[in-house]
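Once you scroll down, you'll see the structures, which are given as structure tokens.
Below, chain A partners chain B and then partners chain C, in two separate complexes.
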Partner chain A sequence: MKLAVVAIVVLAGLSLLLGAAGFGLPDADILWQLRVPRTALALLVGAGLGISGAVLQGVLRNPLADPGFLGIGGCAALGAVIAFYWGFTAAFPLALPLSGFLGATLGCVALLLVFSRAQSGPGLILAGVGVSALAAAALSLLLSAAPNPFALYEITFWLMGGLQDRTLMHLGLAAVPIILGCAVLLRLGPGLDALSLGEEAAASLGAPVARTLQLAVLGVALSVGTGAAVAGGIGFVGLVVPHLLRPWVGQRPGALLWPSVLGGAALLLAADMCARAAPLLLPLAAEPRLGVLTALLGAPFLVVAARRVAP
Partner chain B sequence: MLFFQRSLPGWRALGGMCGALCLLAGPACASGVVSLNLCTDQLLVLLAPERIAALSPLARDPSLSVVAAQAAAMPWVRADTEAVLRLRPDLVLAGDYGAQAVVAALRGRGITVVQVTEPRDFAGVASEIDAVAQALGQPARGEALVATMQARLAAIPPARRGNAVFWEARGFSAGPGSFGDAVLRAAGYRNAGTGGEMGVEALAAHPPDILITNAAPAYPSLATDMLWHPALRHLRRTSVAPALMACAGPWSAGAVEALAR
Partner chain C sequence: MRVDRLNVALGNRAVLQGVTFAVAPFEFVAICGPNGAGKTTLLRALAGLLPGGRPQPRDVAYLPQGARCAWAMTVRQVTALGRIPHGDQNPAAIEAALTACGVQALADRRVDQISGGQARRAMLARAWAGQPKTLLLDEPIADLDPSAAHEVMALMAGFAQAGGAVVAVLHALDLAAQYATRMVVMENGSIVANTSPALALPAAAASFGMDLRAETALLLRPKQTKDEAA
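Here is the complex of A and B:
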């Protein structure tokens, strides 16, 4: 744990030295207006995605759960994009995190409605695929009616996810909801441990099952919804982080929470640093998108994990 | 509503009559010109407004079109084969990208389609105007339009104004050989744009003498939000009305005038 904190501090320090202007300490404007918000947002968004993955895998008792392909990220993007393209964000900046949160809540609730009937297993993941597809379709439909005639073209890049050119304002808007979401999720340890025995067994042990589910929805919606609103579609972090950590901390879902916060933060920051370093090291005209990098890392991981889970 | 319902049969009869007459008279009974592209829309309005059967919907957007006011009173059509065929145009103007399936389908039905390529400099604009004016049978109006543009450009006093970056949506810059490059040179700037994406940090680290962007669009845009990043607040910058640069055309002389001011 101490090691992880030290690693994050070192990564964050290096991250402040890395950017398009070259490796080294930049002038104050670039440092404060570009690299600080970018580094802090990578840590926050990654932490939120990491712990949300751990909580969802615990609550749903499904090791393939991930806020991205369960459709929660897609629903958050839907909310945030509506708020942006229809001018709510310009009129009232808090509309950005708020709409991401509302979209993510909607996605979580849709998922839990399916979950209560079909229990866990492949059915749940398929329901997530359905929720994702619905959110993507609604997004395209709404964007083709947006006041900006280029909205549909622009959104492709945003949906790939990234932290390029974010401002201190984005950091200010996202920090509180993500920290709040993580704080809610971090308190779910005992409830998740009880739930790992199944809902009925957990209830018979006196665990507050319904309350745990409600708080999980609130926490995931806050951290994933706000994260997606400022960073676009970044997938697989929530899937990969708990899997990477289980060999170190064991199978108990409650023990995974803090490590997933730190692991998610470190992983997303490292991925974002790779994105920034790529044009400096390789003959690339532009930075690769952060969501593309996490998918390159995470998609093979999903295939392996799916094989292990398959009966 | 009532009026509309009553008048509908009348219109339908009129349309049917016109259609029958056209069938009898053949190609000589031309109903007009359809433009499928914002750039050809604007040339059509300037060269032959009396022959317009329909423009593209973007022609009426004041942030993109210099003829938005005139176009607001004119019919418009989406780039859709059936919708265009219903108008029975004798000539269709289109760009060389977008709506290619529609262009192929219209040509397949024997309709003349003139496609224009986006010019890369003012000489290219002049030959584009000439080609469209010829196709419309209005060479004299075309020559007048070219002469006005050239007179406006010639009236700009030569000067050296330092280096500039024309910075567009998603951080793309006008590179050497682009129309933005031609506009910068005509206004007396040296183009420091690469032609590729230039990020906020790269510009903040190596600021040009002046940063030129399109004026903020009237609608929210994720692709242009970054152009106003606070890390660039100290840069000297100016903006150009986007309609002057959305299409390369005679109106783009206005962008040169604005930049040379």
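Here is the complex of A and C:
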């Protein structure tokens, strides 16, 4: 735990020194307008994704659960695409994260409404599949009828996820909901421990099963929805972080929460630093997209983890 | 602990019809009967898990059918989950539960790397660790080999002899007759017999549409030590 905190501090320090122009201390303007927001957003979004993955895997008792399951990220993407589509983004720079946030909120409300009928793990999965399918369908509809090829290009680019050119305004918008979401999720430890025995046994142990599930949805929606609204689609972090940590902190889901916050933050910051460093070290014209990098880094880890889990 | 004239319906199918049931300390009650007779529903009602019910986590431990742990925790970690109602990690209670259920030697092994019988005893240790007054167990020996089944039955009988109450859904009539102090036979949502195992056995057999044979040859039992034989 102490090691993780030290690692994050070191990474954050290095991150402040790493920019498009190379490695070194930038002027105050660049530091405050670009490096600090970007570093802080990577830490916040990663923390939200990491703990959301740990909580969802605990709630659903399934090591393959991922925050993307619930379709909240898809709803945020839909909101963002709508803002692109009608050109709000050109008129007003914060329209993009705001409409993404609105999309995530509506998705969360829809999820909670569907979910309130059948309050169990399978009910949650079905509700999430429904919400994400609907968001994906609406998104495809908009993409297929895109007003011009340029809009299509910009939308696709955004959907790949990234933290380029994020400002203090983005940070201000995202910080409170993500921290709130993480705070909600961090309190679910005892409920998740009880749920590892199944919903019935958890209820007989006095654990508030339905409440734990609802708070999990709320916390995941806040932290992942906000993350998607400011950073676009970033996958694999929520899925991979708990897997990476289980060999170190044990299998008990309640023990995985704080480490997943730190692990997710460190992983996404490291991935974003790789994205920034790539054009300096490799013959690339532009930064690789962060969402693409996390998938490239995450998938091999998952394959290794799967080989270890298989009986 | 008791339920009075309990009626439960699932959709428009009556699962329990006017069931009255009580259990006292020192009792080990076996609930027998065909699948779909309402045994599990009665157990869930006793556990306070039906709508409108309230679980009593400190006094009652409930082990659902086929209970297992979703994560590859150690036996000791699983046992410690039984302390959740008390909100502590009382090491004495956890060690006592491990010892009572005979899994002390396996305490640091992972529950996915031990045998089915050992895993079932680990789940029993979880129930034990909360120091409940009543154990409610749904088919606790369903998938165990004869020797492991006898061990678990002896464990439950021991819990009752020490002043606890045990209610277990059992399909093995011979084991129920051997270890339980009372047998409740259920059929179509009602209790059709509620008496000592010896007297209830014919009704239990009839509930499956079967006859009881007078001669019961070649029953398995735990090995007797020389002292016991003498």
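Quick note on the criterion: the second predicted complex is superposed on the first by the 229 of 311 C-alpha atoms of A that agree within 3 Å, B and C clash if a C-alpha of one lies under 4 Å from a C-alpha of the other, contacts with A are read in each partner's own complex, and residues count from 1 in each chain.
One rule holds for everything that comes next: a contact is a pair of C-beta atoms (placed from the backbone, for glycine too) under 8 Å apart; a residue touches a chain by one contact, two chains touch by 3 or more.
This structure is a prediction, so every number in the text was calculated from the model and none was measured.
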Partner chain in contact with A:Gly13 - chain B first, chain C second, else both or neither: neither
Which superposed partner A:Trp158 touches (first chain B, second chain C, both, neither): first
Residues of chain A touched, compared between chain B and chain C (which is higher): B
Which of chain B and chain C A:Gly250 touches, first, second, both or neither: second
First, second, both or neither for A:Pro300, with chain B first and chain C second: neither
First, second, both or neither for A:Ala90, with chain B first and chain C second: first
Common ground on chain A, meaning residues reached by chain C in one complex and by chain B in the other: none
Contacting residues of chain C [partner chain A, same complex]: 44, 47-49, 55, 57-58, 60-64, 67-73, 77-78, 81-82, 84-85, 87, 110, 126, 130, 136
Contact set on chain A toward chain B in their complex: 19-22, 26-27, 29-30, 33-35, 84-87, 89-90, 146-151, 153-155, 157-158, 164-165, 167-169, 285-287
Residues of chain A that touch chain C when the two form their complex: 61-62, 190, 193-198, 200-201, 203-207, 250-253
Residue numbers on chain B that touch chain A, as the complex places them: 58, 61, 64, 169-171, 196-197, 199-202, 204-206, 217-223, 226, 229-231, 234
